[in-house]
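Taking it in order: structure first as structure tokens, then the write-up.
All chains are identified by letter, namely A, B, C and D, in their written order; residue positions are counted from 1 within each chain.
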Amino acid sequence: MKIFELNESSVRSYCRSFPVVFKQARGAELISRDGRHYIDFLAGAGTLNYGHNHPVLKQALLDYIEQDGLTHGLDMYSEAKEAFLETFNRLILEPRGMGEYLMQFTGPTGANAVEAALKLARKVTGRQSILSFTNGFHGCTLGALAATGNQHHRGGAGVPLGEVARMPYANYFGDKVNTIAMIDKLLDDPSSGIDKPAAVIVEVVQGEGGLNVASAEWMRKLDKLCRKHEMLLIVDDIQAGCGRTGSFFSFEEMGIRPDMITLSKSLSGYGLPFAMVLLRKELDQWKPGEHNGTFRGNNHAFVTATAAIEHFWRDDSFAQSVRTKGKRIAERMQKIVRRHGPDSLFVKGRGMMIGISCPDGELATSICRKAFEQGLVIETSGAHGEVVKCLCPLTIEDAQIEKALDILDHAFAAALSEHQANQAS
Amino acid sequence: MKIFELNESSVRSYCRSFPVVFKQARGAELISRDGRHYIDFLAGAGTLNYGHNHPVLKQALLDYIEQDGLTHGLDMYSEAKEAFLETFNRLILEPRGMGEYLMQFTGPTGANAVEAALKLARKVTGRQSILSFTNGFHGCTLGALAATGNQHHRGGAGVPLGEVARMPYANYFGDKVNTIAMIDKLLDDPSSGIDKPAAVIVEVVQGEGGLNVASAEWMRKLDKLCRKHEMLLIVDDIQAGCGRTGSFFSFEEMGIRPDMITLSKSLSGYGLPFAMVLLRKELDQWKPGEHNGTFRGNNHAFVTATAAIEHFWRDDSFAQSVRTKGKRIAERMQKIVRRHGPDSLFVKGRGMMIGISCPDGELATSICRKAFEQGLVIETSGAHGEVVKCLCPLTIEDAQIEKALDILDHAFAAALSEHQANQAS
Amino acid sequence: MKIFELNESSVRSYCRSFPVVFKQARGAELISRDGRHYIDFLAGAGTLNYGHNHPVLKQALLDYIEQDGLTHGLDMYSEAKEAFLETFNRLILEPRGMGEYLMQFTGPTGANAVEAALKLARKVTGRQSILSFTNGFHGCTLGALAATGNQHHRGGAGVPLGEVARMPYANYFGDKVNTIAMIDKLLDDPSSGIDKPAAVIVEVVQGEGGLNVASAEWMRKLDKLCRKHEMLLIVDDIQAGCGRTGSFFSFEEMGIRPDMITLSKSLSGYGLPFAMVLLRKELDQWKPGEHNGTFRGNNHAFVTATAAIEHFWRDDSFAQSVRTKGKRIAERMQKIVRRHGPDSLFVKGRGMMIGISCPDGELATSICRKAFEQGLVIETSGAHGEVVKCLCPLTIEDAQIEKALDILDHAFAAALSEHQANQAS
Amino acid sequence: MKIFELNESSVRSYCRSFPVVFKQARGAELISRDGRHYIDFLAGAGTLNYGHNHPVLKQALLDYIEQDGLTHGLDMYSEAKEAFLETFNRLILEPRGMGEYLMQFTGPTGANAVEAALKLARKVTGRQSILSFTNGFHGCTLGALAATGNQHHRGGAGVPLGEVARMPYANYFGDKVNTIAMIDKLLDDPSSGIDKPAAVIVEVVQGEGGLNVASAEWMRKLDKLCRKHEMLLIVDDIQAGCGRTGSFFSFEEMGIRPDMITLSKSLSGYGLPFAMVLLRKELDQWKPGEHNGTFRGNNHAFVTATAAIEHFWRDDSFAQSVRTKGKRIAERMQKIVRRHGPDSLFVKGRGMMIGISCPDGELATSICRKAFEQGLVIETSGAHGEVVKCLCPLTIEDAQIEKALDILDHAFAAALSEHQANQAS
């Protein structure tokens, strides 16, 4: 690993938790250079919902490359893009009554999609402020970073991050405090100091923020609040979307109608850089090229994304399997909680975006370290890194789930006993 | 093309100039669905220096995918990344006496690399302002956009773009005005209103800005100015780098030593999303993960980039061929100028980043339209879109150059005669 | 009044509520050109705590002018300034155990004092953000305006107002919600998105915001919160200070120790432009002239302020009389409430900074209009202008109070019956 | 002076150059507590154009106070304001063909007037950026400070100062560089990075900036540029106005028509805090109270200002005397230059706003120190404090001029010989 240490900036991060060199990956497994197999409960931080190198997507990609399909074409028309547009519209949007949305292909990162959505919201409304939430994560470029809560990232900006007002997320002040009513009061009050916002940006489940979950009721109230105050509603579904919560979008069946939706991470299905903003037609006030970028509309990603949608979203069976596996994982986690700390641990999250909250970040880190030693790649999230977060591929096999949870169970046991020993001494 | 019109946002742009659906591409050729071949003088706006789907790179990528090489791994250690680090260091940095640079893999867009570089400059110096230049282009996310000059893009921000002071580029006020002396006076004057900047960000040839060229002397003075005022020097080599000007970096042999260099576009060699900041070791004050992003370190791009460097940069022969072809194109362009408008047209640019400046953008647009009808994909650049810009693959064959320039010659003739007819009527 | 309409900008405001030309004023009385006498329950929005043209202050000013005392001297040493420094220190600071505070004479407006305090807080802490409160008012220059809540004023900025995070004031969400605990949670949470602030700026009673009162307990908690998070505590005592609440400072006896205090309005005692920042010695990191202004240290104001302090603050009798009068006014107001709307009206405020809250701003405006017709100058405050606010001179005579409250009583009766008639029709 | 040192913030500044306690002042003389008389060549940094405590103004003020004229009335109608409006219109505006301007009384500081003008420009145009000039000084509150060039003051902000683009003042790059043409090019170029500004703010003579003078031709070109690019032209006449340059406004007879003019400093005539924005009627889009402040419309200042206008501006004789004295001072200064440093010293400025530029700030400071020892209060200005600046009252007597220039002559001699001695050693 000397080459990395000698040549790569110290900004590198995940490699510090998993200090091995990976060579190959298949499904829910990562394989290191020395041949060790790891179960992947990180899944590219939500990028690998269909697992590593899924054979169907792989074949589609190989075929496309073999035939010299257009790889890079800026935002010119390509057959690959056409197929994606048609397929996404037919299998995702139309069946969900969302035929009114247009697709914008931004630079192929989630942050870029967020930047585009915030720009468009400001352009359309003529207002400058954005409401974003405590513990929200939306990316690290300056526009997206202003909406992100995390001080570790915000502190890297080097300039003040403006034009964003921070609001408390669902249950931020406990489940007895109605945070929507609070926001409503602030927006109704012409002397509150909260300027009329262009938009609200929200994650339905906060991934980086620690698997905080907004209820359908809270989301409906937020949607209503947006209509009342003429703010646009932007759902950032970059981590929670593409099936992670048991439906393609995280907000399905909640009865809400976002003005924009940002997608990235698992959208290509294969881990390829790709991002998109879905926007309601009447908001499409973009001038040609007004928001641009060299890699907007990655053709390789169009190919794998189209294959993924055709393969996984023709009917509800995949989504159903996600819900079933989610329950299985949750149940195993509840057992861990009951066994190791019914008073101090608890399960958080929704669908296959779940984890166990620990009393502090040190303990959670120690658990992940021990799990890794036993062959499980898993990470923490949350404001203090206190949540052990399970983001395994949605395609994971039951046996792999069992094995991974066994490892996790042992890791909790080992870390907690070490923890108690430390406290005793 | 109805699917695009029905489903894609109106932000789409290049497709309006080239309204055909592309299917395949090889070398300097784009092939439309209906089988028409086009010579590509746009080359992904500088992303396809080695042409479309170069067979050597293609094979490396196919092999990697076949073997289930790690596709997505956040910033974990991978064999593909290791090979890239080693190869880039050995064949690019070391031979140029640049062994002191570290590599940071940012989100895979040029804008993201620029955002990272500006952040780091602010962090290291504790200052907030950045100097950027008239007609500079650095990307469309808010941090990068603040440094970008183009009003079409700036206007999309919807919020004021701050913490950047604009300075005149080389020869901006004509070749008799010493713009470096101007900047020096402003920075020396404690009452000028120009706050001490963290960094200067500069393109050695301004691609989007209209092929404006900074001389070696100007760059040396700028480098010196940076030392004098303790500002960092960031060379944005996203469009001009990777061989475009006849050497790997656009500033080679100029005797300067940038503090940071941003690379993207042709870095992967295959048109895959990829971006990197090169930074001098002593500036590496990043905390782990402080600037992050899901697709930082795209493994497919590592594979093709490594293959590209091995194939093209083992010795000077490729660079030499670029210089030769650049001269050939320039000579053909000079002929066009002499034939069609010795008083109103002139050749601009450096290496294979050259074009012909027209009196106005309308004429230039008309020329490009006519060229496209004859099978040449070519675009304008410059503040008023007045420069017909040739960014063909560096691997283009001489016969293709000749054919493309023939088309261009006819396009100039046709557009100019139409122009004159219009003016007469 | 034609001259005003022809020559003065439409920004003029109070003259619209009181459309007469005033010629003279004495004590609690304003006298119009046509000889009508008005009781003044506005008192220069809190600027005339000692009434109009108090004879003792007047004589001191006349003497000073007669003798050609220095009128304008920038911030040079003058005898008048010396006397003020000595007197303010001896009679105000020392007896209150506040000998550790230094005085800074800013430009002679409250907003300028606030600008200075915010600058110093940012300089001392190296942080950029300020916490300010819902319904807070701190002035209309851009730095102060960012901390001000009122949309009517904020909207005039024409640029986004940054580097301020808005927090809920005491009881903003009702008396069951502990707003200090909320702020503490946000500041403790490294992922809340609320950057560590340089300072908190707070009014102990919010004058423009509608006579909202912070309890001693809330202020103590806020003070503690500031220590915990190493933020400076700035009390803006511009309207509530100088005796208005029954003690010189509004926070006396609360057991808190602000880092800075801004004073203006009644500080000169005579209605002359004057402003000051009190700052704890260890914070005095100003470089000479770093914050300056032509009229900082108004010598006429030094003269009248010194006379006022000598006359009113030698012992507690004046403060005692304010408390007594405050109770008298409050009792009369309670009667009005009981008589005219025990369910819809209520008394708000503290000391002689009290008023009656109405269901809406229209009603309150109508009441004030009717009171003016009967010889009482009185205005509304609050987010919706819904509070009829009594800010009479602290020196007002009991008979004047009785007369004014009689007028107010009738005004409530008349306005409410009109209101009901309107609703019936 | 112990009381000052013990109780006043270290921000105090002029007192450091003139460490005596002043007691009285008359005309061009300051009198210290110990009875020493000083000739005042600082004049409140341009605030005392009519000298200290002018007897005519003094009597008007005494009479007003004696009669209990309204001292403080927010922006209510007062007889004093009415008289000022009528007089200023009749004797200043109408005779100069400026009857179309309205008067706005802002908070009584120059900075506050600038803040109001910038706000209104942004409101009227809907644009956010302001162009201001190198070495410009417009005040220290955040909005005005953004337009100010001086780093000493800018550095005190503690936050980035935005929404202002800095442009080179007349002759900033020498008299061969046409700075207006430069600005025009930047504004014409849609890719220059200079956003369309709401307004330009400019001083016709830069007082704090070092007595830099814009020619009538340059101002006319600037005026034209504003029309071309639809920017408002704001002349900040706070220091150069009220007769200082030999006419009431500094731009008279230049053939320009500013959209707004800010006045303060000598406007009250007596050194009382006072400020005003003159704005063309069609720009008066203010909502009532949108920009407000407790001390806007200082009645004492209305009284003295009215008296001053009646006394000094009934006919051209006063302005004529200023021009004559200006020449006298300039001639004496030219002698000093010829005698002490024809190669290194030179005279700068216009009217009675003139000074001698020295090679460096240390020398200029030393000259001022020596002059003070001999009874002359005089200060430096300029980016490096290199200009010895004469801002004596316009009412100064010829004998006082002679005496002051004699002192200055000696001070130059003494400081220069000391300087040479230092350099020799």
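Heads up, the rule we're going with is that contacts are C-beta pairs under 8 Å (C-beta built on N, C-alpha and C of every residue); 3 or more make two chains touch, one makes a residue touch a chain.
Chain labels with UniProt names: A, B, C, D = Diaminobutyrate--2-oxoglutarate transaminase.
Bear in mind that the values here come from a model prediction, so they are computed numbers and not experimental data.
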{"item": "Labels of chains that are neighbours to chain B and to chain C", "value": "A, D"}
{"item": "Higher-contact pair (C-beta pairs counted), A-C versus A-B", "value": "A-B"}
{"item": "Centre-to-centre distance between chain C and chain A (centres being mean Cα positions), rounded to whole Å", "value": "49"}
{"item": "Distance between the centres, which are taken as Cα means, of chain B and chain A, whole angstrom", "value": "31"}
{"item": "Touching two or more other chains - residue numbers and ranges from chain A", "value": "128, 152, 159-160, 162-163"}
{"item": "Complex contact set, residues of chain C against chain B", "value": "159-160"}
{"item": "Touching residues (chain side chain D, partner chain C) in the complex", "value": "1, 3-4, 6-16, 18-26, 30, 33, 42, 44-48, 52-53, 58, 61-62, 65-79, 81-82, 85-86, 88-89, 102-105, 107-112, 115, 118-119, 121-123, 128, 139-144, 146, 152-153, 155-159, 162-163, 198, 264-265, 270-273, 277, 279, 284, 286-295, 298, 300"}
{"item": "Residues of chain A defined as touching chain C within the complex", "value": "128-129, 132-136, 148-152, 154, 160-166, 168, 172-173, 177, 182, 185-186, 189-196, 209-210, 382-384"}
